[in-house]
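We call the chains A, B and C, going by the order they appear; numbering starts again at 1 in every chain.
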Amino acid sequence: MASQLSRIMRPDDANVAGNVHGGTILKMIEEAGAIISTRHCNSQNGERCVAALARVERTDFLSPMCIGEVAHVSAEITYTSKHSVEVQVNVMSENILTGTKKLTNKATLWYVPLSLKNVDKVLEVPPVVYSRQEQEEEGRKRYEAQKLERMETKWKNGDIVQPVMNPEPNTVSYSQSSLIHLVGPSDCTLHGFVHGGVTMKLMDEVAGIVAARHCKTNIVTASVDAINFHDKIRKGCVITISGRMTFTSNKSMEIEVLVDADPVVDNSQKRYRAASAFFTYVSLSQEGKPLPVPQLVPETEDEKKRFEEGKGRYLQMKAKRQGQAEPQA
Amino acid sequence: MASQLSRIMRPDDANVAGNVHGGTILKMIEEAGAIISTRHCNSQNGERCVAALARVERTDFLSPMCIGEVAHVSAEITYTSKHSVEVQVNVMSENILTGTKKLTNKATLWYVPLSLKNVDKVLEVPPVVYSRQEQEEEGRKRYEAQKLERMETKWKNGDIVQPVMNPEPNTVSYSQSSLIHLVGPSDCTLHGFVHGGVTMKLMDEVAGIVAARHCKTNIVTASVDAINFHDKIRKGCVITISGRMTFTSNKSMEIEVLVDADPVVDNSQKRYRAASAFFTYVSLSQEGKPLPVPQLVPETEDEKKRFEEGKGRYLQMKAKRQGQAEPQA
Amino acid sequence: MASQLSRIMRPDDANVAGNVHGGTILKMIEEAGAIISTRHCNSQNGERCVAALARVERTDFLSPMCIGEVAHVSAEITYTSKHSVEVQVNVMSENILTGTKKLTNKATLWYVPLSLKNVDKVLEVPPVVYSRQEQEEEGRKRYEAQKLERMETKWKNGDIVQPVMNPEPNTVSYSQSSLIHLVGPSDCTLHGFVHGGVTMKLMDEVAGIVAARHCKTNIVTASVDAINFHDKIRKGCVITISGRMTFTSNKSMEIEVLVDADPVVDNSQKRYRAASAFFTYVSLSQEGKPLPVPQLVPETEDEKKRFEEGKGRYLQMKAKRQGQAEPQA
């Protein structure tokens, strides 16, 4: 049942300091998830379908991966509801010269099976077989929790990143960045919509540029907040990925990333918010130790509000991490 | 002496309609130019060097290239001055199933040899051997002409593309677009600066998005103005490529593209203008025929001035093309 | 001990008809082989090393792979001599919609461990543990056989592909093709030489162009002859890959591919032959059935000699295949 994906990390997967981009890892995680969930959803006779990414739960980057190491990505289906599949993915880095292996990520992804005949139709998911009885009940709880959270995060579509002339260092305007990307065939499934992993890779790229502009050092992804994918992005769209810093602690930066899709050629559809998430970055010294980061200076009322919200998320995660100091699976 | 490069065009080289991006072709042209000029500049004993792109003369895209065709790019050194090399590059498309071959581009590039020990030092170029005596004199004229033109095009660094809220269709603000790109290892020569071809490919990508946003149809590159490369872009820079429409004729659009480099990590160097050029795009019907384009509505004084300048360039090229109606090589 | 590599096949991995390029598969095979052999050679304390590809045994492409399918590549060490490792690689294609799995390739690769401190020094290989006693003896026979064959194939360096003006259809000159590639960072190992898989992918690309030019239909790789890698190709080299048709049977074409490396910047080293091999291609109808191919017309004495040699290889393989008509693993 498990699915495994392995690949050597190359120069193009990493930044100038040799640390593999968080976005490269997120893209591999999503590929492993898409394979196992598409396989599962087609395991019974009936209409053929493709699994589309609906949500990624919050994930931490536990240790850095470097060029030349082998990434091992393993995926397993851990729960199925009537219309969705939960996939658990683990990422290990292996140094094939020394033999050292490290856990770098644990991620949870939710997929929804879309009919190949009509990609707007959601099909039913064959039930998974659980090895322990409690697994189904635990999975149902996770399913309900994420459903609730998805409801709450309806994005304010009007809110976009606005450039400012001659911004001061350490302000939000100084480091904010946007990237446009014309969706090409390699970004897409066979059925003409963008792989969730491609979107996440671009999101991490923008977040990394914001972080590098802010602190002008070697920066790496520390964690990504839950990402909800509100709508499919189709081939031929232009997507705009915008990032702005929302909060800084002593040694971390939180960056909000917004993804908007613009069906350039198709006049009938308006630009829409496709996804958004918060990325946390840290700054590393040449020896790989975390460095203090310059404090963000929020200027407008909106920026101050977002700073406080970011602080709230930061303190909540800190408390949660301390509460979890017991041994875990 | 000649250098030849051939490659099958893949889905990622083309837009959704199957037409190969002008930027893909520009990138191959530059790769062929870089190989032949680097080889020539190292053909004598002495300090080792790498040839850096300094300028590309105006080039037309004479016929579209499609996925599955083979692009043949051939380069030849046509002139050398003390510190620069002129390379003439021809591009043919070959349909390997029907055997049809078409000339798609003729381009002229200028390279400068930079010392491998110190990339800020320009070395001397070994003289090329001419087969006809007049060639040297003709080359010297082209050399002087481009030198003069380079002098004249000193870029106004303050001039950047500013977004506007809720722009009206057909205005400059409506279609203007920016792209940020973090320079990665594959974008660079072995010596840590960006290949000229990579920059040109990104410039064409932005111009294409501007054109598609403006006319919402299948669009292709028709020509590129002379591009001057004012300064090297180093590994680790963030480059911002911005495009705005300057002029429309009945069936063509002119887009100005600006490239700014930001040495994010290196605090000592300010953001600088690295290159800029005008791209001309046409809109094609499903049968590949040119379509009328919506007329651009310039709003501000600057936009009106740029529109008139664009019109001047358009009329000048039109006159030149009609004057060249005599048989050509 | 086994190593597994999986990946979804994308549009860029395939030709216009949707068949995955043989070169894409060869590149994955080599990546799996490089991982497992580098890991094995570093499994004991001692000098760190990287495994460099020395030879690939003849391999057949048993069934075509398509876009959207998942390729599963598994590698296992089957023999070790004092200075080399034999790796057996199997490739399966999985259609995740229907669940169908097919064996597409079985390949045998030989690696040699090079010291990280001095890539010209070959290290010793830790012995592998065999599960059956006969395995060691069988492996030693394969090792001796390939060693003998490598000795025999000393390439004639003077023999290169020369273009001819206005060649007639079906001649060798008509379809012969060359491709020039500037080795970039992504083509290389961390230690600055080209991955064997990258070279094989380029070789297959040239062979495919030759085959398509000759028969002007959808063509696919049927098999690759043993490939010997005579010497490392270093970062910064320009490699020329040339292909020419040597022989046609009723339904297959044999193409010889030569790889020459040119250390452009480094004047002290001459251009050298890095590898060469014979690729066999077949032509497929739209329904995927093999089509007759136009007969090759050898013109010069050399071409006629190569045609006869190709015929010899073809008849030998045919006899071998008929002799193997007994059930196989």
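Criterion: contacts are C-beta pairs under 8 Å (C-beta built on N, C-alpha and C of every residue); 3 or more make two chains touch, one makes a residue touch a chain.
This is a predicted model, so every value here is computed, not measured.
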Cα superposition of chain A on its sequence copy chain C - rotation in ° rounded to nearest 5: 180
Are the interface residues of chain B and chain C largely the same numbers on each copy, more than half shared, or largely different? different
Report, in whole Å, the distance between the mean C-alpha point of chain B and the mean C-alpha point of chain C. 36
I need the residues of chain A touching at least two other chains; which ones are they? 11-12, 185-186
As the complex stands, chain B meets chain A at residues 11-12, 15-16, 162-163, 165, 177-182, 184-186, 205-206, 208-209, 212-213, 216-218, 235-236, 238, 262, 264-267
Where on chain C is chain A touching in the complex? 3-8, 10-12, 31, 34-35, 38-39, 42-43, 48-50, 67-68, 70, 94, 96-99, 116, 185-186, 189-190
